Amino acid sequence: MTLTPEQTAEIATARAQTHSTLRPTVPALEELLFTAFPVLDHGFIRVVDYMGDDSAVVQAARVSYGRGTRKALEDAGLIRYLMRHYHSTPFEMCEIKFHVKLPIFVARQWIRHRTANVNEYSARYSILDKDFYLPAQEKLAKQSTDNRQGRGEVLAPATAERVLNLLREDAEATYGHYEEMLGDDVGLARELARMNLTLNTYTQWYWKTDLHNLFHFLRLRADSHAQYEIRVYAEEMLKIVEAWVPLSFAAFRDYRLGAVTFSAKMLELVKRMLTGEAVTQEASGLSKREWTEFMSSLGRE
Amino acid sequence: MTLTPEQTAEIATARAQTHSTLRPTVPALEELLFTAFPVLDHGFIRVVDYMGDDSAVVQAARVSYGRGTRKALEDAGLIRYLMRHYHSTPFEMCEIKFHVKLPIFVARQWIRHRTANVNEYSARYSILDKDFYLPAQEKLAKQSTDNRQGRGEVLAPATAERVLNLLREDAEATYGHYEEMLGDDVGLARELARMNLTLNTYTQWYWKTDLHNLFHFLRLRADSHAQYEIRVYAEEMLKIVEAWVPLSFAAFRDYRLGAVTFSAKMLELVKRMLTGEAVTQEASGLSKREWTEFMSSLGRE
Amino acid sequence: MTLTPEQTAEIATARAQTHSTLRPTVPALEELLFTAFPVLDHGFIRVVDYMGDDSAVVQAARVSYGRGTRKALEDAGLIRYLMRHYHSTPFEMCEIKFHVKLPIFVARQWIRHRTANVNEYSARYSILDKDFYLPAQEKLAKQSTDNRQGRGEVLAPATAERVLNLLREDAEATYGHYEEMLGDDVGLARELARMNLTLNTYTQWYWKTDLHNLFHFLRLRADSHAQYEIRVYAEEMLKIVEAWVPLSFAAFRDYRLGAVTFSAKMLELVKRMLTGEAVTQEASGLSKREWTEFMSSLGRE
Amino acid sequence: MTLTPEQTAEIATARAQTHSTLRPTVPALEELLFTAFPVLDHGFIRVVDYMGDDSAVVQAARVSYGRGTRKALEDAGLIRYLMRHYHSTPFEMCEIKFHVKLPIFVARQWIRHRTANVNEYSARYSILDKDFYLPAQEKLAKQSTDNRQGRGEVLAPATAERVLNLLREDAEATYGHYEEMLGDDVGLARELARMNLTLNTYTQWYWKTDLHNLFHFLRLRADSHAQYEIRVYAEEMLKIVEAWVPLSFAAFRDYRLGAVTFSAKMLELVKRMLTGEAVTQEASGLSKREWTEFMSSLGRE
């Protein structure tokens, strides 16, 4: 992680200033506030502001479902009920703002989540730092043979070395020329010079979203099918969310992260299997691919 | 305003609990937090949470525009620049949550602003209170003759009296029947009984939005063309926003609330008028309606 | 259903005009275009425009997943894959626009789906017709005793009669006074007079959304837990969508409408049951309510 | 522009197939449908589907404003009224879908417009073509000295030559290594290899939005302050929109593209100037920068 001395000083200053507020406050999240958690070789993620807590979810649910719910369900049970039945609006009452440093190719995946607010470092206005992502050697893997978008076996050490050299040298060279084009001799406009940078160059942004949309992001990006380089950010966020809204997080883990959805056909098969019937792929009505996914869900691969 | 004793107690409790936080905090808004400000005869609006302040706008702008901007522009000037040039994303970094009690016909206008989070009291789950809006006598006006959606002259006192009697008696009668249908003798499902209520019945909701979208709401709803019954809510919100983000609010007032947009044609006319040319509607290329609006903008109606 | 003679004539005219286009066109949906399908006692729904078809979903998926997918998967298989893995963006490439006449209390539920475009008949500008919803007698049911938002047993005929009389008389009376207030004697502004109408008054709107968001709407509103009065609109839309995008619809039916999601805990129980273990609620770790839902999913209530 | 032979054949096929439809159809846009218009050195933009026309805007406005508007205003006048008063929802009833080939650094600006549907070519699934953007020599300009995000004077020919060589050689080299990493010898996963590409590499996507949001995009991106490389796409879209919805486009041109917004302070100055008063920056209350913008708006720079 490369925090500038300026950023380190800002964090220290921010963490030293305590304010008094009437707002709901989460001590466990205050502990983490502003601190930059390292991700990948030069990236980080840190919480810079938040609003609401588990009780904001409960409060919103209770205005919707009225006074009667007060006695019927304890907070944890109510939150589980909301999660289970896809009553998503109460989770929108919590908001969190992150400061993230991340490679541009990761930023391009991330930005596809549209229901969020973003302010990114602009290479039209400013010069990007010389920071680029080089994967750890054990993360350099072959194209998967059975999955068009995944990784397969790890590269042999010599091959990995060769790849890292290519990545490093190209990033160095293109950044060097970026600087040359920006230099006094040429003075090219920044909005043009930036096009010479490679996609592993780091950028940074403020990214703010509500808890419902954050859960949606995490369900997709903390998933084992997500690309490793975005998943590691999602995994840091899981820890942060657990500190922030422990009841909502527990419900999310049970009903989303660890959950499985069976199609109508699959559900029918489960029912038949529960009666003791032996079911085969051929007789199942599922495609081979679906059958594999189905068996895998049931721990029978 | 009809706060339930329960709500009054909740407000007192909430205002008595001070927390310690590292988050940006706005003392002037803390002063107003949780307090219910009366609107119309039984409505209210109150802030129940917020996130960010003017410096969050500046911080977001500076990550976009880079270090160089630090010296170039003071905070107020930067915020004015952002507002003037429609750089709206930095304003999205601030978030505010209101609790509002409002007539259903007002809620139906309000909800058209889609970029917000809402949890409304549900008449499927709970029984609505016997609260309905009756306009003050001086607000009862005739249909405007020159504006298809506005109000014209105030009704004569006797006519106003007659209208108020109709509104009161119908609201009383329909609410009475609502109660009768919900009572033990009938026991009709709440989701059905509610259809008998009139549109001036009060509902309530939590409504959360970011500062950019709030400004958009306020520009339309604090405008003189907005219906009086929603405008009074917007006007309370203006005061709250001024306490919360004074620099952003000042820029909003100058560049949006008090601003005027001239079409290409109108701008051409202004330029000609500035050379001393006398311009008439006939020669202007504007329709009569546009001409009237144009003259009015220039204070020449 | 009450179509005005004007509307009936418009539909006939529209259906008589054939145009030539290069756009993807769906003959089965063209058959239904403009025709108003009756819903409830005076409501209707009709398709007034659309864009895209199943092949637009496939085309969008193939630009994302590249040329290689061309041979790997047939269209139906690709669409099923997208639906199963929540790759929702290709479904956003199809768009449909409805014209709907519906009671105001239904419109208030419907509008909560924010990712849609809406233009509603405005009672500020125009006078609402005298059309209000009265449930069929067999739809008048008691409040459910085990579900805070549902209906239970049907009312006895005499009680139902009494309820219908109350609803009819109140709607008649309040509409009569609405007319009186709008009449020449009083001339009250329309934006004020409307507040006297009851929530079962019909309104109408154009409502336009993309296929992904429409599926989300249908999953929630065609569900057995949705209120009957909105579910009947959703059910008409299911038929329309089936005619429009048969492959996408089949995938939706299998993976969403008929699907079931098991939480991590529930999935663990299924696995144990498949080994022949007898599982009880007490030992399951599920609450009573969850257990009931779980058993019901497995057809064992 | 580099269309693959496959794409050229697809366009010819699509343009040869005429369908019969009851939907509103715009002959002038049908003329342009599917055809790829070249932008920059290898990019293009083409319309691949659309829904609605000027009459859809009118139809939506008339359901909102009711029957009475039918006679009051002709279509063009109604559309101008809607645009002038920011009644944006009727414009949302039209939808258009583009297929665009564009450099990645342009795509990164474009995607910030969130209210749109996008499917982009995925370099996780497929291999990107060897296409990268090299500016025309006369577009290579120095960093602006008075505008932190703009371009100033054009580079001297020899300097421009040097810049183009750097851009070309780096793009060639990094693409070559991309191919090497993907080749049989190494077989690196595509999702990793792509990080070595430079930001001027071309990507492509389907991009679909409604007319209101398209106007918003065009107001910002067809503006003289927008970066040249995105502005040229916006300019092609202006022509397409004019063919599609000529009345809406004319209103947009007058009330948005050619319009100017004066702040409350500026408006006050205009009024004083119209009385013949000479106003100076010092006495104006405007900052130097605002004064310059103000004078420029009035054609007095």
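Going in written order, the chains are labelled A, B, C and D, and every chain counts its residues from 1.
The rule is short, and it goes like this: a contact is a pair of C-beta atoms (placed from the backbone, for glycine too) under 8 Å apart; a residue touches a chain by one contact, two chains touch by 3 or more.
In UniProt terms the chains read A, B, C, D = Flavin-dependent thymidylate synthase.
If you're wondering where the values come from, they're calculated on a predicted model, not measured in any experiment.
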| item | value |
| --- | --- |
| Contacts common to chain B and chain C (chain labels) | A, D |
| Contact-richer chain pair [A-D vs B-D] | A-D |
| Shared interface numbering between chain D and chain C [over half = same, under half = different] | same |
| Chain C-chain D separation of Cα centroids, rounded to whole Å | 35 |
| Centre-to-centre distance between chain D and chain A (centres being mean Cα positions), rounded to whole Å | 30 |
| Chain centre separation (chain B, chain D; CA means) in Å | 32 |
| Residues within chain A bordering two or more other chains | 65, 68-69, 89, 112, 118, 122, 125, 148-149 |
| Overall pattern in which the protein chains touch one another (line/ring/star/complete/other) | complete |
| For the chain C and chain A complex, residues of the former touching the latter | 65, 68-69, 72, 77, 80-81, 84-86, 89, 112, 148-149, 220, 225, 253-255, 257-267, 270-271, 273-274, 287, 289-290, 293, 297-299 |
| Interfacial residue positions of chain A with respect to chain D in the complex | 103-105, 108, 111-112, 114-115, 118, 122, 124-125, 133, 135, 140-144, 148-152, 155, 159, 162-163, 166-167, 170-171, 173-174, 177, 180-182, 185-192, 194-200, 227 |
| Complex contact set, residues of chain B against chain A | 14-15, 17-25, 30, 33-34, 49-52, 56, 59-61, 63-69, 89-90, 92-93, 95, 97, 99, 117-122, 125-127, 204-206, 208, 210 |
